[in-house]
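Each of the two complexes below includes subunit A, the first together with subunit B, the second together with subunit C.
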Partner chain A sequence: MTAKDKLFKMAKGFRGRSKNCYRIAKQSVEKALQYAYRDRKQKKRDMRSLWIQRVNAGSKEHGVPYSKLIYGLHNQNVQINRKMLSELAMYEPYSFKALVDQVKWMRGDAAQPAAQQAAQM
Partner chain B sequence: MGPDLWNRTYYPSGSEASPLIKPWYLVDAEGQTLGRLATMVAMHLRGKTVATYQPSMDMGAYVVIVNAEKVVVSGNKSTQKVYTRHTGRPGSRKEETFQKLQARIPERIVELAVRGMLPKGRLGRHLFTHLKVYKGAAHPHSAQKPADITAKINKNAATAVAA
Partner chain C sequence: MQAEALTAALGPPQFERIGRVDGRYSVKRTPQFAIVELGPAQYKVSPDDLVISEKLKGVDVNDRLELGRVLMLGSRSETIIGRPHVLGASVTAVVEEQFQDAKVTVFKKRRRKNSRRTMGHRQELTSLRIVGIHGFEAPEAESPAAVAAAA
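Coming up: the complex of A and B.
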(Lines of atoms letter the chains of each structure in order from A and count residues from 1; the text may use other names and numbers.)
(Lines give C-alpha, C1' and ligand atoms only; values in the text may rest on other atoms or scores of the structure.)
Protein backbone atom coordinates (compact mmCIF):
# COMPACT_ATOMS: atom_id res chain seq x y z
CA MET A 1 0.00 0.00 0.00
CA THR A 2 1.60 3.25 -1.08
CA ALA A 3 1.47 6.52 0.82
CA LYS A 4 -0.96 7.86 -1.73
CA ASP A 5 -3.28 4.92 -1.23
CA LYS A 6 -3.24 5.54 2.49
CA LEU A 7 -4.07 9.18 1.95
CA PHE A 8 -7.01 8.45 -0.31
CA LYS A 9 -8.24 5.89 2.16
CA MET A 10 -8.40 8.59 4.80
CA ALA A 11 -10.17 10.91 2.36
CA LYS A 12 -13.17 8.67 1.88
CA GLY A 13 -16.46 10.53 2.12
CA PHE A 14 -14.99 13.97 1.50
CA ARG A 15 -16.73 16.43 -0.74
CA GLY A 16 -15.80 17.09 -4.35
CA ARG A 17 -12.19 16.93 -5.45
CA SER A 18 -11.00 16.46 -1.89
CA LYS A 19 -11.52 12.74 -2.23
CA ASN A 20 -10.08 12.29 -5.72
CA CYS A 21 -7.26 14.69 -6.38
CA TYR A 22 -4.03 14.27 -4.50
CA ARG A 23 -3.06 17.87 -3.87
CA ILE A 24 -6.48 18.88 -2.62
CA ALA A 25 -7.02 15.68 -0.68
CA LYS A 26 -3.70 16.13 1.08
CA GLN A 27 -4.81 19.47 2.52
CA SER A 28 -8.23 18.19 3.50
CA VAL A 29 -6.83 15.11 5.15
CA GLU A 30 -4.25 17.11 7.07
CA LYS A 31 -6.99 19.39 8.35
CA ALA A 32 -9.15 16.42 9.22
CA LEU A 33 -6.34 14.88 11.25
CA GLN A 34 -5.80 18.17 13.08
CA TYR A 35 -9.48 18.34 13.91
CA ALA A 36 -9.41 14.72 15.07
CA TYR A 37 -6.50 15.46 17.42
CA ARG A 38 -8.22 18.52 18.83
CA ASP A 39 -11.59 16.86 19.14
CA ARG A 40 -10.30 13.79 20.99
CA LYS A 41 -9.65 16.26 23.78
CA GLN A 42 -12.82 18.25 23.19
CA LYS A 43 -14.98 15.16 23.20
CA LYS A 44 -14.30 14.68 26.90
CA ARG A 45 -15.41 18.25 27.55
CA ASP A 46 -18.48 17.93 25.33
CA MET A 47 -19.60 14.71 26.96
CA ARG A 48 -19.37 16.20 30.42
CA SER A 49 -21.35 19.21 29.27
CA LEU A 50 -24.04 16.91 27.92
CA TRP A 51 -24.22 14.97 31.20
CA ILE A 52 -24.57 18.19 33.11
CA GLN A 53 -27.39 19.39 30.88
CA ARG A 54 -29.19 16.09 31.32
CA VAL A 55 -28.79 16.09 35.10
CA ASN A 56 -30.00 19.69 35.18
CA ALA A 57 -33.13 18.75 33.26
CA GLY A 58 -33.77 15.75 35.45
CA SER A 59 -33.31 17.52 38.75
CA LYS A 60 -35.30 20.59 37.71
CA GLU A 61 -38.23 18.29 37.16
CA HIS A 62 -38.01 17.66 40.89
CA GLY A 63 -37.50 21.32 41.68
CA VAL A 64 -33.76 21.46 42.38
CA PRO A 65 -31.43 23.14 39.90
CA TYR A 66 -28.14 21.50 39.01
CA SER A 67 -25.93 23.87 40.98
CA LYS A 68 -27.78 23.24 44.21
CA LEU A 69 -27.92 19.52 43.56
CA ILE A 70 -24.16 19.23 43.11
CA TYR A 71 -23.51 21.37 46.16
CA GLY A 72 -25.83 19.24 48.24
CA LEU A 73 -24.37 15.95 47.04
CA HIS A 74 -20.87 17.19 47.63
CA ASN A 75 -21.74 18.21 51.17
CA GLN A 76 -23.06 14.78 51.94
CA ASN A 77 -20.06 13.08 50.41
CA VAL A 78 -22.00 11.46 47.59
CA GLN A 79 -19.32 10.98 44.99
CA ILE A 80 -21.39 9.74 42.08
CA ASN A 81 -20.00 11.36 38.97
CA ARG A 82 -21.99 13.33 36.45
CA LYS A 83 -21.96 10.63 33.85
CA MET A 84 -23.63 8.20 36.18
CA LEU A 85 -26.00 10.84 37.51
CA SER A 86 -27.21 11.49 33.99
CA GLU A 87 -27.66 7.78 33.36
CA LEU A 88 -29.53 7.47 36.64
CA ALA A 89 -31.78 10.36 35.72
CA MET A 90 -32.74 8.52 32.56
CA TYR A 91 -32.87 4.89 33.49
CA GLU A 92 -33.44 4.89 37.25
CA PRO A 93 -35.78 7.78 37.92
CA TYR A 94 -36.70 6.64 41.41
CA SER A 95 -33.08 6.36 42.49
CA PHE A 96 -32.45 9.78 41.04
CA LYS A 97 -35.44 11.16 42.90
CA ALA A 98 -34.06 9.66 46.10
CA LEU A 99 -30.82 11.58 45.54
CA VAL A 100 -32.73 14.79 44.90
CA ASP A 101 -34.80 14.24 48.05
CA GLN A 102 -31.60 13.75 50.01
CA VAL A 103 -30.42 17.15 48.84
CA LYS A 104 -33.76 18.73 49.64
CA TRP A 105 -33.56 17.38 53.15
CA MET A 106 -30.06 18.76 53.56
CA ARG A 107 -31.28 22.17 52.51
CA GLY A 108 -34.13 21.97 54.96
CA ASP A 109 -36.90 21.87 52.37
CA ALA A 110 -38.27 18.46 53.05
CA ALA A 111 -38.56 15.85 55.74
CA GLN A 112 -35.83 13.29 56.17
CA PRO A 113 -36.22 10.49 53.66
CA ALA A 114 -37.56 7.29 55.14
CA ALA A 115 -34.62 5.18 54.03
CA GLN A 116 -32.17 7.42 55.80
CA GLN A 117 -34.26 7.38 58.95
CA ALA A 118 -34.22 3.61 58.89
CA ALA A 119 -30.47 3.59 58.35
CA GLN A 120 -29.88 5.84 61.30
CA MET A 121 -31.84 3.67 63.70
CA MET B 1 -10.98 6.23 12.97
CA GLY B 2 -13.66 3.81 14.10
CA PRO B 3 -16.41 3.87 16.70
CA ASP B 4 -15.67 4.95 20.27
CA LEU B 5 -15.77 1.81 22.37
CA TRP B 6 -15.37 3.55 25.70
CA ASN B 7 -18.23 5.97 25.37
CA ARG B 8 -21.42 4.31 26.47
CA THR B 9 -23.33 7.50 27.15
CA TYR B 10 -26.91 7.14 26.13
CA TYR B 11 -27.81 8.26 22.63
CA PRO B 12 -31.52 8.26 21.89
CA SER B 13 -32.77 6.28 18.92
CA GLY B 14 -34.72 7.85 16.08
CA SER B 15 -38.01 6.50 17.33
CA GLU B 16 -37.68 8.52 20.53
CA ALA B 17 -37.87 11.70 18.51
CA SER B 18 -41.04 10.57 16.80
CA PRO B 19 -43.74 13.23 16.81
CA LEU B 20 -46.29 10.63 17.91
CA ILE B 21 -44.88 10.40 21.42
CA LYS B 22 -44.04 14.04 21.93
CA PRO B 23 -45.98 15.73 24.72
CA TRP B 24 -48.11 18.77 23.99
CA TYR B 25 -48.09 21.84 26.24
CA LEU B 26 -50.37 24.86 26.40
CA VAL B 27 -49.36 28.34 27.50
CA ASP B 28 -51.73 31.23 28.09
CA ALA B 29 -49.85 34.40 27.15
CA GLU B 30 -52.34 36.78 28.72
CA GLY B 31 -50.46 39.26 30.89
CA GLN B 32 -47.16 37.36 30.60
CA THR B 33 -43.88 39.16 30.02
CA LEU B 34 -42.71 38.47 26.48
CA GLY B 35 -39.13 37.37 27.13
CA ARG B 36 -39.86 35.25 30.17
CA LEU B 37 -42.59 33.45 28.29
CA ALA B 38 -40.36 32.90 25.27
CA THR B 39 -37.51 31.49 27.36
CA MET B 40 -39.65 28.83 28.91
CA VAL B 41 -41.25 27.92 25.60
CA ALA B 42 -37.89 27.65 23.88
CA MET B 43 -36.58 25.33 26.61
CA HIS B 44 -39.51 23.01 26.10
CA LEU B 45 -39.23 23.10 22.31
CA ARG B 46 -35.52 22.31 22.39
CA GLY B 47 -35.93 19.40 24.76
CA LYS B 48 -33.78 20.76 27.54
CA THR B 49 -36.42 19.96 30.17
CA VAL B 50 -36.07 16.24 29.52
CA ALA B 51 -33.35 14.00 30.92
CA THR B 52 -32.92 12.29 27.53
CA TYR B 53 -31.82 15.57 25.95
CA GLN B 54 -29.60 15.24 22.90
CA PRO B 55 -28.54 18.46 21.15
CA SER B 56 -28.36 16.92 17.70
CA MET B 57 -31.90 15.54 17.81
CA ASP B 58 -35.35 16.93 18.33
CA MET B 59 -36.26 15.67 21.80
CA GLY B 60 -38.56 18.59 22.55
CA ALA B 61 -42.28 18.96 22.86
CA TYR B 62 -45.03 20.75 20.99
CA VAL B 63 -46.12 24.05 22.52
CA VAL B 64 -49.38 25.86 21.83
CA ILE B 65 -49.59 29.53 22.84
CA VAL B 66 -52.97 31.22 23.07
CA ASN B 67 -53.97 34.83 23.70
CA ALA B 68 -50.85 36.00 21.92
CA GLU B 69 -52.24 39.50 21.48
CA LYS B 70 -52.28 40.01 25.25
CA VAL B 71 -48.57 39.52 25.83
CA VAL B 72 -46.94 42.37 27.72
CA VAL B 73 -43.58 44.13 27.80
CA SER B 74 -42.29 46.19 30.69
CA GLY B 75 -41.08 49.77 30.75
CA ASN B 76 -41.53 51.92 27.66
CA LYS B 77 -40.94 49.07 25.25
CA SER B 78 -44.52 49.12 24.12
CA THR B 79 -43.85 52.38 22.26
CA GLN B 80 -40.06 52.16 21.94
CA LYS B 81 -39.29 48.56 20.95
CA VAL B 82 -38.86 48.51 17.20
CA TYR B 83 -39.22 45.56 14.88
CA THR B 84 -37.33 46.05 11.64
CA ARG B 85 -37.26 44.16 8.39
CA HIS B 86 -35.52 44.59 5.08
CA THR B 87 -36.45 43.17 1.72
CA GLY B 88 -32.89 43.36 0.38
CA ARG B 89 -33.43 46.26 -1.99
CA PRO B 90 -31.70 49.51 -1.09
CA GLY B 91 -33.84 51.87 0.95
CA SER B 92 -36.43 49.26 1.87
CA ARG B 93 -35.84 49.13 5.56
CA LYS B 94 -39.20 49.08 7.30
CA GLU B 95 -39.74 49.45 10.96
CA GLU B 96 -42.67 49.10 13.26
CA THR B 97 -43.14 49.62 16.97
CA PHE B 98 -44.30 46.90 19.31
CA GLN B 99 -47.73 48.48 19.66
CA LYS B 100 -48.34 48.71 15.95
CA LEU B 101 -47.21 45.17 15.28
CA GLN B 102 -49.32 43.85 18.10
CA ALA B 103 -52.34 45.54 16.53
CA ARG B 104 -51.50 44.20 13.09
CA ILE B 105 -50.10 40.66 13.53
CA PRO B 106 -49.82 39.78 17.24
CA GLU B 107 -48.66 36.21 16.63
CA ARG B 108 -45.52 37.46 14.96
CA ILE B 109 -44.29 39.10 18.16
CA VAL B 110 -44.30 35.85 20.10
CA GLU B 111 -42.93 33.91 17.15
CA LEU B 112 -40.00 36.28 16.70
CA ALA B 113 -39.23 36.16 20.40
CA VAL B 114 -39.14 32.37 20.49
CA ARG B 115 -37.34 32.03 17.18
CA GLY B 116 -34.56 34.26 18.49
CA MET B 117 -34.09 31.85 21.38
CA LEU B 118 -33.97 28.68 19.34
CA PRO B 119 -30.79 27.54 17.59
CA LYS B 120 -30.36 28.89 14.08
CA GLY B 121 -29.92 26.12 11.60
CA ARG B 122 -31.75 23.23 10.10
CA LEU B 123 -32.70 21.72 13.45
CA GLY B 124 -33.71 25.11 14.88
CA ARG B 125 -36.03 25.76 11.98
CA HIS B 126 -37.54 22.33 12.44
CA LEU B 127 -38.06 22.95 16.16
CA PHE B 128 -39.81 26.20 15.34
CA THR B 129 -42.45 24.30 13.41
CA HIS B 130 -43.50 22.70 16.70
CA LEU B 131 -44.59 26.07 18.04
CA LYS B 132 -48.21 26.99 17.44
CA VAL B 133 -49.26 30.54 18.28
CA TYR B 134 -52.84 31.77 18.22
CA LYS B 135 -54.63 35.06 18.71
CA GLY B 136 -57.49 34.63 21.13
CA ALA B 137 -58.22 31.73 23.42
CA ALA B 138 -59.26 29.08 20.90
CA HIS B 139 -56.87 26.62 19.34
CA PRO B 140 -57.48 23.68 17.03
CA HIS B 141 -55.35 21.20 19.00
CA SER B 142 -57.83 20.05 21.63
CA ALA B 143 -57.47 16.48 20.36
CA GLN B 144 -53.87 16.46 21.60
CA LYS B 145 -55.02 17.57 25.08
CA PRO B 146 -52.12 19.94 25.72
CA ALA B 147 -51.16 20.26 29.37
CA ASP B 148 -51.14 23.79 30.76
CA ILE B 149 -47.66 24.95 31.82
CA THR B 150 -48.28 28.68 32.17
CA ALA B 151 -47.49 28.45 35.87
CA LYS B 152 -43.90 27.46 35.15
CA ILE B 153 -42.92 30.81 33.70
CA ASN B 154 -40.18 32.32 35.82
CA LYS B 155 -41.79 35.58 36.89
CA ASN B 156 -38.90 37.24 38.57
CA ALA B 157 -35.24 36.42 38.26
CA ALA B 158 -34.64 37.34 41.90
CA THR B 159 -36.89 34.57 43.21
CA ALA B 160 -35.10 31.50 41.90
CA VAL B 161 -36.71 28.29 40.69
CA ALA B 162 -38.34 26.47 43.59
CA ALA B 163 -35.42 25.55 45.78
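Coming up: the complex of A and C.
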Protein backbone atom coordinates (compact mmCIF):
# COMPACT_ATOMS: atom_id res chain seq x y z
CA MET A 1 0.00 0.00 0.00
CA THR A 2 1.47 3.33 -1.01
CA ALA A 3 1.30 6.48 1.05
CA LYS A 4 -1.33 7.82 -1.29
CA ASP A 5 -3.48 4.73 -0.79
CA LYS A 6 -3.25 5.16 2.95
CA LEU A 7 -4.32 8.76 2.64
CA PHE A 8 -7.35 7.93 0.51
CA LYS A 9 -8.28 5.21 2.95
CA MET A 10 -8.44 7.82 5.67
CA ALA A 11 -10.53 10.03 3.40
CA LYS A 12 -13.39 7.58 3.01
CA GLY A 13 -16.77 9.19 3.48
CA PHE A 14 -15.55 12.71 2.90
CA ARG A 15 -17.57 15.12 0.85
CA GLY A 16 -16.95 16.01 -2.76
CA ARG A 17 -13.42 16.09 -4.11
CA SER A 18 -11.98 15.61 -0.64
CA LYS A 19 -12.27 11.89 -1.06
CA ASN A 20 -10.92 11.65 -4.62
CA CYS A 21 -8.32 14.28 -5.39
CA TYR A 22 -4.99 14.05 -3.66
CA ARG A 23 -4.27 17.73 -3.03
CA ILE A 24 -7.68 18.40 -1.56
CA ALA A 25 -7.90 15.11 0.30
CA LYS A 26 -4.57 15.75 1.96
CA GLN A 27 -5.83 18.96 3.52
CA SER A 28 -9.06 17.40 4.63
CA VAL A 29 -7.37 14.40 6.14
CA GLU A 30 -4.89 16.57 8.02
CA LYS A 31 -7.73 18.61 9.43
CA ALA A 32 -9.57 15.44 10.38
CA LEU A 33 -6.53 14.10 12.23
CA GLN A 34 -6.14 17.39 14.08
CA TYR A 35 -9.76 17.24 15.14
CA ALA A 36 -9.29 13.64 16.22
CA TYR A 37 -6.37 14.62 18.45
CA ARG A 38 -8.32 17.47 19.99
CA ASP A 39 -11.48 15.44 20.40
CA ARG A 40 -9.79 12.50 22.09
CA LYS A 41 -9.18 14.94 24.91
CA GLN A 42 -12.60 16.52 24.65
CA LYS A 43 -14.32 13.16 24.77
CA LYS A 44 -13.16 12.69 28.33
CA ARG A 45 -14.66 16.05 29.27
CA ASP A 46 -17.89 15.36 27.42
CA MET A 47 -18.37 11.98 29.04
CA ARG A 48 -17.95 13.41 32.51
CA SER A 49 -20.50 16.09 31.73
CA LEU A 50 -22.90 13.38 30.56
CA TRP A 51 -22.39 11.35 33.71
CA ILE A 52 -23.06 14.39 35.84
CA GLN A 53 -26.28 15.11 33.98
CA ARG A 54 -27.42 11.54 34.49
CA VAL A 55 -26.56 11.50 38.19
CA ASN A 56 -28.33 14.81 38.62
CA ALA A 57 -31.46 13.47 36.99
CA GLY A 58 -31.37 10.32 39.08
CA SER A 59 -30.82 12.00 42.39
CA LYS A 60 -33.38 14.72 41.74
CA GLU A 61 -35.93 11.95 41.35
CA HIS A 62 -35.26 11.29 45.01
CA GLY A 63 -35.27 14.94 45.93
CA VAL A 64 -31.56 15.58 46.26
CA PRO A 65 -29.74 17.77 43.74
CA TYR A 66 -26.39 16.68 42.35
CA SER A 67 -24.36 19.19 44.34
CA LYS A 68 -25.76 18.00 47.67
CA LEU A 69 -25.32 14.38 46.72
CA ILE A 70 -21.66 14.82 45.83
CA TYR A 71 -21.04 16.88 48.95
CA GLY A 72 -22.68 14.26 51.11
CA LEU A 73 -20.80 11.37 49.53
CA HIS A 74 -17.54 13.24 49.82
CA ASN A 75 -18.10 13.81 53.53
CA GLN A 76 -18.60 10.11 54.07
CA ASN A 77 -15.49 9.20 52.11
CA VAL A 78 -17.43 7.25 49.50
CA GLN A 79 -15.11 7.25 46.53
CA ILE A 80 -17.41 5.95 43.83
CA ASN A 81 -16.79 8.09 40.80
CA ARG A 82 -19.28 9.83 38.57
CA LYS A 83 -19.14 7.28 35.82
CA MET A 84 -20.15 4.54 38.26
CA LEU A 85 -22.78 6.72 39.89
CA SER A 86 -24.37 7.26 36.51
CA GLU A 87 -24.27 3.51 35.83
CA LEU A 88 -25.96 2.87 39.15
CA ALA A 89 -28.59 5.50 38.48
CA MET A 90 -29.39 3.90 35.15
CA TYR A 91 -29.17 0.18 35.83
CA GLU A 92 -29.28 -0.32 39.61
CA PRO A 93 -31.94 2.11 40.80
CA TYR A 94 -32.33 0.53 44.21
CA SER A 95 -28.65 0.73 44.97
CA PHE A 96 -28.59 4.31 43.76
CA LYS A 97 -31.53 5.07 46.02
CA ALA A 98 -29.59 3.51 48.89
CA LEU A 99 -26.76 5.97 48.28
CA VAL A 100 -29.16 8.90 48.11
CA ASP A 101 -30.90 7.78 51.28
CA GLN A 102 -27.56 7.51 53.03
CA VAL A 103 -26.76 11.09 52.10
CA LYS A 104 -30.21 12.23 53.21
CA TRP A 105 -29.81 10.50 56.54
CA MET A 106 -26.43 12.06 57.18
CA ARG A 107 -27.86 15.47 56.48
CA GLY A 108 -30.62 14.75 58.96
CA ASP A 109 -33.41 14.87 56.41
CA ALA A 110 -34.78 11.39 56.81
CA ALA A 111 -34.77 8.52 59.28
CA GLN A 112 -32.55 5.60 58.41
CA PRO A 113 -34.41 2.33 57.85
CA ALA A 114 -33.37 -0.55 60.07
CA ALA A 115 -32.28 -2.78 57.19
CA GLN A 116 -29.89 -0.12 56.04
CA GLN A 117 -28.36 0.11 59.49
CA ALA A 118 -27.63 -3.60 59.50
CA ALA A 119 -25.96 -3.51 56.10
CA GLN A 120 -23.95 -0.40 56.82
CA MET A 121 -20.27 -1.06 57.28
CA MET B 1 6.44 0.75 62.22
CA GLN B 2 6.06 3.72 59.94
CA ALA B 3 6.18 1.58 56.80
CA GLU B 4 3.29 -0.57 58.00
CA ALA B 5 1.23 2.48 58.83
CA LEU B 6 1.87 3.91 55.38
CA THR B 7 0.92 0.71 53.56
CA ALA B 8 -2.16 0.35 55.72
CA ALA B 9 -3.18 3.89 54.85
CA LEU B 10 -2.97 3.08 51.15
CA GLY B 11 -5.82 0.65 51.43
CA PRO B 12 -6.15 -2.87 50.11
CA PRO B 13 -4.08 -3.75 47.05
CA GLN B 14 -5.75 -3.33 43.70
CA PHE B 15 -4.98 -6.81 42.52
CA GLU B 16 -3.03 -9.83 43.73
CA ARG B 17 -2.16 -13.07 42.02
CA ILE B 18 -3.74 -15.95 43.84
CA GLY B 19 -3.08 -18.84 41.52
CA ARG B 20 -3.60 -20.11 38.03
CA VAL B 21 -6.39 -21.55 35.97
CA ASP B 22 -5.80 -24.43 33.61
CA GLY B 23 -7.91 -25.04 30.59
CA ARG B 24 -11.53 -24.15 30.38
CA TYR B 25 -13.79 -22.65 32.95
CA SER B 26 -17.34 -21.49 32.85
CA VAL B 27 -18.90 -18.95 35.11
CA LYS B 28 -22.47 -18.75 36.22
CA ARG B 29 -24.15 -15.39 36.05
CA THR B 30 -25.63 -14.29 39.35
CA PRO B 31 -27.71 -11.18 40.05
CA GLN B 32 -24.94 -9.51 41.99
CA PHE B 33 -22.60 -6.68 41.17
CA ALA B 34 -19.57 -5.02 42.64
CA ILE B 35 -17.92 -1.71 41.89
CA VAL B 36 -14.21 -2.38 41.81
CA GLU B 37 -11.28 -0.03 41.41
CA LEU B 38 -8.59 -1.11 38.99
CA GLY B 39 -5.97 1.18 37.58
CA PRO B 40 -7.26 4.70 37.25
CA ALA B 41 -10.79 3.54 36.56
CA GLN B 42 -13.73 1.94 38.31
CA TYR B 43 -15.83 -0.84 36.84
CA LYS B 44 -19.23 -2.21 37.71
CA VAL B 45 -18.82 -5.97 37.40
CA SER B 46 -20.96 -9.06 37.65
CA PRO B 47 -19.77 -12.65 37.30
CA ASP B 48 -19.01 -13.65 33.70
CA ASP B 49 -18.27 -10.06 32.67
CA LEU B 50 -15.33 -9.12 30.52
CA VAL B 51 -13.40 -6.13 31.81
CA ILE B 52 -10.80 -4.43 29.62
CA SER B 53 -8.42 -2.46 31.75
CA GLU B 54 -5.01 -0.84 31.53
CA LYS B 55 -2.17 -3.30 31.35
CA LEU B 56 -1.46 -4.95 34.68
CA LYS B 57 2.18 -5.54 35.45
CA GLY B 58 3.62 -8.82 36.59
CA VAL B 59 0.61 -10.78 35.43
CA ASP B 60 0.30 -13.51 32.83
CA VAL B 61 -2.54 -15.06 30.85
CA ASN B 62 -4.56 -17.64 32.80
CA ASP B 63 -3.64 -16.12 36.15
CA ARG B 64 -6.26 -15.85 38.79
CA LEU B 65 -6.39 -12.43 40.41
CA GLU B 66 -8.04 -11.10 43.49
CA LEU B 67 -9.19 -7.51 43.13
CA GLY B 68 -9.13 -6.03 46.59
CA ARG B 69 -10.53 -2.55 46.19
CA VAL B 70 -14.27 -2.97 46.24
CA LEU B 71 -16.24 0.24 46.56
CA MET B 72 -19.73 -1.17 46.62
CA LEU B 73 -21.56 -4.49 46.54
CA GLY B 74 -25.09 -4.99 45.41
CA SER B 75 -27.52 -7.84 45.05
CA ARG B 76 -31.22 -8.41 44.88
CA SER B 77 -31.67 -7.99 48.61
CA GLU B 78 -28.95 -5.66 49.87
CA THR B 79 -26.51 -2.93 48.99
CA ILE B 80 -23.23 -2.53 50.85
CA ILE B 81 -21.56 0.85 50.53
CA GLY B 82 -17.87 1.05 51.30
CA ARG B 83 -16.16 4.02 52.88
CA PRO B 84 -14.15 4.03 50.80
CA HIS B 85 -13.73 0.24 50.51
CA VAL B 86 -15.94 -2.59 51.69
CA LEU B 87 -14.04 -4.53 54.36
CA GLY B 88 -13.38 -8.15 53.56
CA ALA B 89 -14.81 -7.96 50.07
CA SER B 90 -13.00 -9.04 46.95
CA VAL B 91 -13.61 -9.96 43.35
CA THR B 92 -11.89 -12.90 41.67
CA ALA B 93 -10.93 -12.57 38.04
CA VAL B 94 -8.97 -14.53 35.48
CA VAL B 95 -6.65 -12.87 33.00
CA GLU B 96 -7.83 -13.70 29.50
CA GLU B 97 -5.70 -11.64 27.18
CA GLN B 98 -2.95 -9.06 27.16
CA PHE B 99 -3.15 -7.19 23.92
CA GLN B 100 -2.72 -3.87 22.21
CA ASP B 101 -5.52 -1.53 21.34
CA ALA B 102 -6.19 -0.43 17.78
CA LYS B 103 -3.72 2.08 16.48
CA VAL B 104 -4.52 5.76 16.81
CA THR B 105 -2.61 8.20 14.66
CA VAL B 106 -1.39 11.15 16.64
CA PHE B 107 -1.00 14.05 14.27
CA LYS B 108 0.07 17.54 15.24
CA LYS B 109 0.42 20.45 12.88
CA ARG B 110 1.46 24.04 13.27
CA ARG B 111 -0.22 26.01 10.51
CA ARG B 112 1.68 28.30 8.20
CA LYS B 113 4.93 27.22 9.86
CA ASN B 114 5.69 24.21 7.73
CA SER B 115 5.67 21.86 10.71
CA ARG B 116 3.88 18.54 10.99
CA ARG B 117 4.43 15.54 13.20
CA THR B 118 2.91 12.09 12.85
CA MET B 119 3.09 9.37 15.45
CA GLY B 120 1.29 6.09 15.91
CA HIS B 121 0.18 4.82 19.29
CA ARG B 122 -1.21 1.53 20.54
CA GLN B 123 -2.23 1.30 24.14
CA GLU B 124 -1.47 -1.90 26.05
CA LEU B 125 -4.51 -3.47 27.60
CA THR B 126 -5.43 -6.48 29.71
CA SER B 127 -8.77 -8.21 29.58
CA LEU B 128 -10.13 -9.98 32.63
CA ARG B 129 -13.02 -12.36 33.03
CA ILE B 130 -14.82 -11.87 36.33
CA VAL B 131 -15.27 -15.19 38.03
CA GLY B 132 -16.66 -14.44 41.47
CA ILE B 133 -17.72 -11.76 43.90
CA HIS B 134 -17.11 -12.27 47.62
CA GLY B 135 -18.07 -10.23 50.61
CA PHE B 136 -21.83 -10.46 50.88
CA GLU B 137 -21.72 -12.67 53.96
CA ALA B 138 -19.56 -10.20 55.84
CA PRO B 139 -19.47 -10.49 59.63
CA GLU B 140 -22.21 -8.28 61.07
CA ALA B 141 -20.44 -7.72 64.38
CA GLU B 142 -18.28 -4.72 63.44
CA SER B 143 -17.10 -2.89 66.54
CA PRO B 144 -17.48 0.89 66.28
CA ALA B 145 -13.75 1.32 66.76
CA ALA B 146 -12.98 -0.91 63.78
CA VAL B 147 -15.51 0.90 61.57
CA ALA B 148 -14.17 4.28 62.58
CA ALA B 149 -10.59 3.16 61.97
CA ALA B 150 -11.43 1.86 58.51
CA ALA B 151 -13.40 4.94 57.46
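Heads up, the rule we're going with is that the second predicted complex is superposed on the first by the 115 of 121 C-alpha atoms of A that agree within 3 Å, B and C clash if a C-alpha of one lies under 4 Å from a C-alpha of the other, contacts with A are read in each partner's own complex, and residues count from 1 in each chain.
Methods note: contacts are C-beta pairs under 8 Å (C-beta built on N, C-alpha and C of every residue); 3 or more make two chains touch, one makes a residue touch a chain.
Small disclaimer: the values here were computed from a predicted structure and weren't measured.
Sticking to the clash and touch definitions up top, decide whether subunit B and subunit C on subunit A clash or fit.
Fit.
Give one of first, second, both or neither to describe whether A:Asn77 is in contact with subunit B, with subunit C, with both, or with none.
It touches subunit C, and subunit B stays clear.
Please state, to the nearest 10 degrees, the angle that the Cα centres of subunit B and subunit C subtend at the Cα centre of subunit A after superposition.
150
Which partner does A:Pro65 contact after superposing on A: first (subunit B), second (subunit C), both, neither?
A:Pro65: touches subunit B, not subunit C.
Of the partners subunit B and subunit C, which touch A:Glu92 in the superposed model: first, second, both, neither?
second
Could you look at A:Trp51 and tell me whether it touches subunit B, subunit C, both or neither (first, second, both, neither)?
A:Trp51 contacts subunit B only, not subunit C.
With the two structures laid over each other on chain A, which partner does A:Ala36 touch: subunit B (first), subunit C (second), both, or neither?
Both subunit B and subunit C are touched by A:Ala36.
Which partner chains sit in contact with A:Asp109 here, subunit B, subunit C, both or neither? Use first/second/both/neither.
The first partner, subunit B, only.
In whole Å, how close do subunit B and subunit C get at the C-alpha level once superposed?
It is 6 Å, taken between the nearest C-alpha atoms.
Of the residues on subunit A, which ones does subunit B touch that subunit C also touches?
Residues 36, 83, 87, 91 of subunit A touch both subunit B and subunit C.
Can you name the residues of subunit C that touch subunit A in the complex?
33, 35, 37, 41-44, 71-72, 74, 78-84, 86-87, 104-109, 116, 138, 140, 142, 147, 150-151
Applying the document's contact rule, which stretches of subunit A touch subunit B when the two form their complex?
On the subunit A side, the touching residues are 36, 43, 47, 50-51, 53-58, 60-61, 63-65, 68, 83, 86-87, 89-91, 93, 107, 109.
Enumerate the contact residues on subunit B facing subunit A in the complex.
1, 4, 7, 9-10, 48-55, 160-163
What residues of subunit A sit close enough to touch subunit C in their complex?
Interface residues on the subunit A side: 30, 33-34, 36-37, 40, 76-81, 83-84, 87-88, 91-92, 94-95, 98-99, 102, 115, 118-121.
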